[in-house]
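Can you read through this structure? Questions will come right after.
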């Protein structure tokens, strides 16, 4: 039995699917952020896997993931800051309550 | 130019109008009245000067070869439509213009004077708007004078409108009264409708002749040429025809309709009886003597054109003859004195119209023969005499109304004892209109009848019968007012003869009504300016006098003393009597057409259409846009999760498209 | 042939990723959700280690597991009462989520299988990236040098710090 | 700067300076605001009178140029857009009219409240647009000033209006903007076909006419676009429905300026741009628009007969009268077109008068429903007489302006020998009767009869500013009515080039 590229991608796809599911179904904004992290992570895995299996000796995918992690960290920090601010304002982090900017 | 001062005849009333209209409010009533009368007196004197010089003066170019010329005194351009089609505002003197100057200024002066007394109080209260009244009288006088001295058709149209407005303002003088309000509106709109036809007539005529000027249209180089000129205007009659009639016929018929509106010919007469809501002197001036004959004047002015257009003449003849009888029949049963007089006026004007129409006794009439143009002369003569005696009758009626404060003859009766001067003046007026020699009406009416007999025996008999009817209804009114039975005093004041300002005009007009018949009209107001040889046709005259006497006798029998005969006759043919009393339901017919057909049937649906369909369509566009925008707005839900769903569906769609592409290509 | 240890390792990691992913999005306790996320991230790091990207694995653990998850935990503790359940997910919403997730997975899967000439590729040799080479690549401006994105990310992070402070600052 | 030596540019500069002057006024300093506005309006009237003098002088000296006082300054070179100024007789009288109405409008809004300063500022911006439009002979500047005139209308109605003002302001602005969208398409189309191959495109009207390069098939598209574009502003059926609502809600002075001047932009544009530049299509398609305008005349008049709101009556009457303007323009002969301009003058003045009077009456009674009023003549004789005069002018009493204009139109229209045009002329002429009906109906209900509401007995007659405003307009109306040839002589020759352009495609009657 060999560990093929496909085998690495399958957990990634499932993780992504979970992320999508969580993103769509959760009401809690922090939970949505967590789902988002899942999806991001699954994409990271893809980059790395393709880099490693198809273009060994080159490191574009790896570096991309590296930067993506950095940016994900930044993004999460920012998003959580916003969520906390929102929580201060309306004492809630339910996404359905935050519709003042609608229309 | 010798007639230069004619301009003053026109200008003084205009000035009086502006002066009294603008400064009147600051002046006392007495001052206003005196100024108005003085202004009118000066105008009258000048107008007499002009007319006398024109008719009897010599050496000023007004008579060439025994033919009176039209003299254009003043004719500046007023409005240039094109290089050739120019409206001018001028003064032209010819026999009928000069005659009309006399008629208008005389009656107008009498009315001005009379109004000093009449308008000073209204049913016992001080009259409001005395200044306004004099201003409007001056405006009317100005407009009417401008009309008769017009040098071109368009000027006549302009002053037609002006007299219409003055008439509107004066009928509606008691503007707080709904009846007056309604009547003034009606008068204006009906005459406006007629003026619309007049305008169309002018458009047609001016297009084909290229001019408005009477110089070109009817006088040509001299009067003798006018027939040829008239025919040349038609051009080639074969070319411009519409529904079988030449453009000329249409134009002249339309112009006649314009005149018919002002002259209250059937079926455009309905405004005149209602116009009696105005002050009585106004009725005397405008709705009896001057403005209502404007239509007759118009047809007379264009007479040389009508002569060559037999179809138009026939229309006038039929309308005139019918109206004469129709109005006379209604006048027999009216109980309101002013309305009865109004119908009498309509009937008499119809006499003048008929008389003009019978003038073209034989078709083409290129050859001039003895008696031709008699109707024209008779018509103008009758216009003159009628103005005098009808003004007299109206002013008498005014005096009576002033005394008893009512228009209904049931409130009068037996006034002879109380108001002898008025009674005699009224009697003179009645004799004049009935055509009893030697009063004025006899001479003019007789010549009309001669002209009618010349046209055809039937027309003559018809008109003679109407003349008899005239005598009957006038004396009916006379007897009902002054005799019938003893007067019941309703008010605290006994009715009596009015102050001198009101009585003097009565006396003057009565005198004129007696002597006016001796004016040598056949030498003065002929259609071609020449002399017309006439003599009294004793058969015709005898018959008409006889018929008139029968009418008077009948009236005497029925109305001199209170008796049940009139009531019996009325009830014996109740339907006819009611129909006549209701003026044969013409008003109801108009009411139906205007309110039910035009207002309810045209205006309301159009207004609805505008609001509902056109505006509705615009609003629908707006509402549609708004709804579409609201619909699109739903997409911008603010729910990130919703966006993601759509995003994934989009991804799926792309995948499917890709798949299809792969499969197909 | 892979070594058996490698295969066993792979399965452990794969199962951990799948299981904890599912748990992350299905648990109703938000703090547990964050904890499961932590496990997913660890498992991912393990995957990177297995593919010889040691530095990347270390970064994954340091930044993600050490940084982001801690942020999450703080945020959760700031906004939630301890032990509170989140709202139950309504049924139709759940099925919608499942459907869309499936659609996403299917599209990806279809793409993989239809174009995946490369699916059967295996790991070739040791592609270990030494730290000094990585450092040089990160700070070089040559071909395959990543100085520009590196600087960009630093600026971004700076902006992010300022932004975070500004947003979260109590007014 | 060469352009500042041309008197025409001051018609734009003076309102702008007035606007700036108003801007520095204190919002509560009513006296200062009034002074500045009055001075501005007076200077405009003086300028306009001087312009008439210059025009007559030039023509008297034998200057037969189509446009006098021409100046052209390059404005945006890449598109060859110039600030081209010039006037002919029509522009001159339109400028005179505008100046008069601005003057009367200032006095009609003498007691404007609230925000008088802002009101007058927008008012003068509107005037800037109007004057700018009339002095331009470059399509671009024309269009630009046209828009400048339209936009303030929205605020003037929306802020200072009455009744359902938001709806009306929105409707008016949107419909007119819709029209100007057509217009812009048309102008762009004309621009790209303005010159033959190899010559840079131009926006200058005189140049476009000289090149005569717009292909016939393009004319068939561009003519309807421009005509409808201007026709919307000229209240052509079926694009007139902004007018009743807009006028009903607008404040007095705005109604005056709008009906008095802005609607004239439509008629002016129709002949200056649509017909003059595209004579072929005008001759081909004229009958469609002629039918529409013919409908406008009768339709507006009939609609006015059953309205009960004074402003609605007047708005529908405007539809009828403005329809007559376009109607006459489409008759393609000098007389009718002269009549059209006279009608613009006449309608401008008398509608302004009407709206001024209605505003004054409304300001006292707080109702415009004629069923609730009566006997006003007794209570406010000055306003009553003014209203009667305006009414008589409207229904065409000789001696006032309406008669002259309508007669010139009808006589001119009848000069066309074809049955279609003549029938329409007669139908159009019948409006003089319908006009009489609705005018007299209003006069009878509003002014005559018994006083309906006892409270009205305590109302006062016009104050001095109102008297001045109305007297100015009445005098102007009477001046046109009494001395029409003065105006006809100024206007008439301006149509020779248009008629010459049409001659090739239409049996024009000279």
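We call the chains A, B, C and D, going by the order they appear; numbering starts again at 1 in every chain.
Rule of thumb we're sticking to: a residue touches a chain if its C-beta (ideal position, glycine included) is under 8 Å from a C-beta of that chain, and two chains touch if they have at least 3 such contacts.
Nothing here was measured: the structure is a model prediction, and the numbers come from that model.
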Chains in contact with subunit C and with subunit D: which ones? B
Please state whether B-C or A-B has more C-beta contact pairs across its interface. A-B
Chain centre separation (subunit B, subunit C; CA means) in Å: 103
Chain centre separation in whole Å, for subunit B relative to subunit A (CA means): 97
Between subunit A and subunit C, what distance separates the C-alpha centroids? Give it in angstrom. 7
Chain-centre distance (mean CA atoms) for subunit B and subunit D, in whole Å, is 37
On subunit B, where are the residues touching two or more other chains? 644-645, 648
Check: subunit C positions touching at least 2 other chains come out as 96, 100, 104
Quick one: which chain pairs are touching? A-B, A-C, B-C, B-D
The answer for subunit A against subunit B in the complex is residues 20, 23-25, 32, 95-96, 98-99, 101-103
Which bits of subunit B are touching subunit A when the two form their complex? 633, 636-641, 644-645, 648
Can you tell me which positions in subunit C touch subunit A when the two form their complex? 1-2, 6-7, 10, 13-14, 17-18, 21-22, 24-25, 30, 33-34, 37, 40-41, 44, 47-48, 51-53, 56, 59-60, 63-64, 67-68, 71-72, 74-76, 78-80, 86-87, 89, 93-94, 96-98, 100-102, 104-105, 108-109, 112, 116, 118-125, 127, 129, 134, 137-138, 144, 146, 149-150, 153, 156-157, 160-161, 163-165, 167-168, 170
Subunit C partner, complex, touching residues on subunit A are 1-11, 13-22, 24-28, 30-31, 33-35, 37-38, 41, 44-45, 48-49, 52-54, 56-60, 62-63, 65-67, 69-78, 80-85, 87-88, 93-94
In the complex, subunit C residues that touch subunit B: 96, 100, 103-104, 107, 110-111, 114
